[in-house]
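Dumping the structure here so I can ask a few things about it.
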């Protein structure tokens, strides 16, 4: 079984599900003729035809809005917004419409659509290509938001998203697209949405993260282990619905938690997890819940971007500091 | 000095500042001819003319985007989005552009614009008129977000917002527009943005809230006082920049905190405050940080909306429960 | 300097305001009896409208947007559509909805503040009304794309106001429709006002129909107070779309005789004289005149129709007023197909508090 | 059915691809010497472009969108504008920016990943490039509104691609401009491609110029590879706007000879043959042919110009490469005029970590 990259896993999931379910259609900018600017949709139009793999005009509002119409009519649209920074013109469609259609009609019309977008920094791309708007989306009742961190998650969660009867936003991290490889059996088996994955067990401290920061956090845990510090690493993967179980269980053991994300800190999704800890997990906490995040600053251009995204040193320092609490 | 309502205070601030600064212009839907659907801009066009008080087409994206162009050219636009539920098509302009212009150009071009919108529920209005999207906006570096709760705040914070050299979103709560009256001297004195107001001192428990929930929270504190429970009430007023000082100080005394807001809980702005407490205030906490909020559900139509917004009973119950912790 | 692309916008009227025939009668209207269903639909719409306003006035209905004066547009659109087509309406398109089979009871439930009102028993695939102005045309484009992909002979019809044509989402949708040649008909209900903004505020364009030029497909104006013309123009557009001949943009020119909604007072911003003039042009009288002149409609017919409509709406109002609201847990029951744990927990909590209340 | 509104779209070309005169020469071009500044501007732009690509190839510049083949549009626009006007450009409008006085050094800084590159020393009020496709026309409309309110004889000029015309923000902006009759000129740089999407994907509209019909003001096409025609058409539009005669939409028809950006490979989605054909039409050769035929340009002139441009860009590249990056605190220094406490705290923390790094 050949190893696949993250972006190949995305492609594999789309190939699989378009084959399995003829209601699945893919639309977005540059998804057909060139197979996506990252090649995530490569080969789909050749295999499934121009009726089901559709290059759209540059119209993010209409792309998301048409997804709603398609979904309400019983299709399974997978729409692509090329980069997270271009999701904002689609937000009205997601917030006011996609998320609400089922409730507004008491289940008469539903919106089983998937919206994929690539984001996250450190690939020296132009402005607006590195945004991480997950907390905005996680605030919207009626939406689901998943952020895979590995090829296997990319495959399994995208399948789950397409099969989900409700709208799911899948945020993919572009710097992971070709950074990781692993065996991903093309067996059509989905991973559950709404489950946090324990990526590493540990009793000294709990590191909570998702998406693009997962490799760094795992690396930090490895470094700490060299010094005999055993950090649990929890990969949230679905931020909405959020599975707090493993986080609460781990913190009950460790009493210490560092939450790591790339988005700006204020009102970032780390706040929700910290807030849940301050409520349901308070008695476990032996040390302040620490967030290591992007700064509350505009994501910088390429020359400075390496200083914006949390790096291993910042995470390690925070972890070590928590261990100083008795 | 006659008492004014909240909406009159908004009007008074606009009148004042348009008189004091000819760079101030007001634009939006229905702001001129009919003086705003809530009459917030009533009389402005008669006083300052159609050049400075402008009825626009129904184009939220362009309204916000033109605000940016006006501001960059040295005007002081105050743009109105009629209801918070219609702010989403303007988000791209706020997030990608208004908030970033100064940083992108290293201060060469700036964006001293104000965007006002009315929201919050319980006025039996149609769908999308009751949204409380504050946490989305508070996540955006480069923006400021204020949410006045009294006529005096409406006046003072709006003046401050107009004079602010950076973009400020002012979220007004429509059910407060005519609910409260107070003396508001029309003296052109602004209130500081970025300051939490201690609305009530108290040593037993800290209630933190803003905007539309403030009257209810104050009422709860009064009720509790009848039983000898002294609750501090902190009215955050500016959620970005957030002034944690008074909250941390109060919780240092009380050890107990209930955060109340109307927006959905998950990734709502209450999470940010709770997260700050779980970090900077952890050692003070004697009881779980509790959030009493709107449910993670779609804001319901009129018949059920009263069950969505936190009511005094829910807040009181939460407060009393916290006092059970030793 | 050469001219490379010429365009023009046609206008259709068939029955003049005085009820006289002013154009080519379409087939369905050759026999005046063919016009009677349209007349009945308009009167039914107006009856509903008046009752809704009365219910609001007495505190028994929420904010309601009257369609007074615009009845011809809804009746004409509904006649043009087949059951299997899909309507994606704006909030004031009550007439079209009634014609599609949405019941007066459902409409009252919705405007009375109960989500169940959008669970239409008749046109199961029609969209609920869009309160967001002009954000719904992309949904209609998506519906049309689904029909096109599946090669179904169906059509999506989207209605929206003159004000809504200023929205980017409207434009993106018609532009995509032109690019993909979708089976979509978009009807602009130009009632001259968008709350307090007169038509001139919305656009410098001489007609709203010409917005279609930007999207590369035909646009046309129709006298929106002439139900025969509306039905004819819409039917032709819908059938072109069904035959794969692409989208059409129709500007139906009418007038909002009432306030914007029951919480608006239009006297603040428009002249009574303008409204009076517009009354002379309203759609129901002219068709009555036409039918009466053609000997196809009697005083008895009229009285019968009014009584029938009143009785139907009475029954609907009674049923609406007698329907209890939903319990608090209803808020959580259609958020997702399966409730996630956090939603389940909040639902239980809300129910507990509900019991405590009782 | 009566026709109520006719429109048509003109097209202008003055110098044909072979360098012959094919239309009415505008005043400035009567003497071929008047065309030389435009020629020089195009060559300078192309020199910059080639250098930027070379810097990217050697890892010393970020992603860069080449404007190869589109030089006439930028040169023509810049000539049409006065210093006090405001340009609101898209990312590929390097030529217009150079013409406006943005320096090659600044452009390299920006595309090299340094925000200081958008702190233009020349046109202080010009906007930085919009990476967001088609979201910037509203800014231009706002700038134009400021000018109109203050009764200044200034004009806002917005440039954007063919793909950007599919965006709702573009439409809302032109619609508002038509409604408010703003001093705004919008130039669509139709280079036939939007990454991999050919022009036909974007819209069913026969021309992009006709998008203006939806907004109620004139639209016209111009041969975007004919710098004389671009300058002429733009100048007339800018001067109309300045005189209060309203907005204009110009579609400049050109071709993107290069990849979408330095990280794109256009061979994946378009035929080499198409590109070869387009080269025959590129803008610089035709003007050189025109000038040479008119006896206004010699081999020595050409060599001198190339050397001059190369030297200027060399200097800029050296300065760019020698400029150290900003320290970490720069991230916080222009977020707000005054740093709020949380930003201040994060800034200090970032600086501490920076010191720890060193």
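As written, the chains take the letters A, B, C and D, and residue 1 is the first residue of each chain.
We take it that a contact is a pair of C-beta atoms (placed from the backbone, for glycine too) under 8 Å apart; a residue touches a chain by one contact, two chains touch by 3 or more.
Predicted, not measured: the structure shown is a model, and the values here were computed from it.
K.L.:
Please state whether B-D or B-C has more C-beta contact pairs across its interface.
P.N.:
B-D
K.L.:
Measuring centre to centre, with centres taken as mean CA positions, what chain is farthest from chain D?
P.N.:
Most distant chain from chain D: C.
K.L.:
List the centre-to-centre spacing of chain B and chain D in whole Å, with centres computed as mean CA coordinates.
P.N.:
40
K.L.:
If you average the Cα atoms of chain A and of chain D to get two centres, how far apart are those centres in Å?
P.N.:
From the centre of chain A to the centre of chain D is 36 Å.
K.L.:
Taking each chain's centre as the mean of its CA atoms, how far is chain C from chain D in angstrom?
P.N.:
Each chain reduced to its C-alpha mean, chain C and chain D end up 43 Å apart.
K.L.:
Which residues belonging to chain C are in contact with no fewer than two other chains?
P.N.:
115, 132, 135, 166-169, 172, 175-176, 179, 201-203, 335, 342-343
K.L.:
Give the residues of chain B that touch two or more other chains, as numbers and ranges in rising order.
P.N.:
56-57, 59, 61-62, 85, 89, 92, 96, 103-104, 127-128, 141-142, 242, 266, 295-298 - these are the residues of chain B that touch more than one other chain.
K.L.:
Which positions of chain D touch chain C when the two form their complex?
P.N.:
Within the complex, chain D touches chain C at residues 1-12, 23, 166-169, 171-172, 175-176, 178-179, 181, 200-207, 209-217, 221, 246.
K.L.:
For the complex, which residues does chain D have touching chain B?
P.N.:
That would be residues 86, 88, 115-116, 118-120, 124-125, 127-128, 132, 135-147, 149, 156, 168-169, 172-173, 175-176, 179-180, 333-338, 340-343 of chain D.
K.L.:
Report the residues of chain C in contact with chain B in the complex, numbered from low to high.
P.N.:
62-63, 91, 110, 112-115, 131-135, 163-164, 166-169, 194-197, 201-203, 264, 268-269, 325-326, 328, 330-332, 335, 342-343, 346, 350, 353-354, 356-357
K.L.:
Which positions of chain B touch chain D when the two form their complex?
P.N.:
Chain B residues touching chain D: 25, 51-52, 54, 56-57, 59, 61-62, 64-75, 77, 89, 92-93, 96-97, 101-110, 141-142, 144, 165-166, 194, 241-243.
K.L.:
Taking the touch rule as given, give the residues of chain A at its contact with chain B in the complex, in rising order.
P.N.:
Residue positions touching the partner: 61, 85, 88-89, 91-92, 95-96, 99-100, 103-104, 127-128, 133, 135-136, 138-142, 240, 242, 263-264, 266-272, 274-275, 277-280, 282, 285, 287-291, 295-298.
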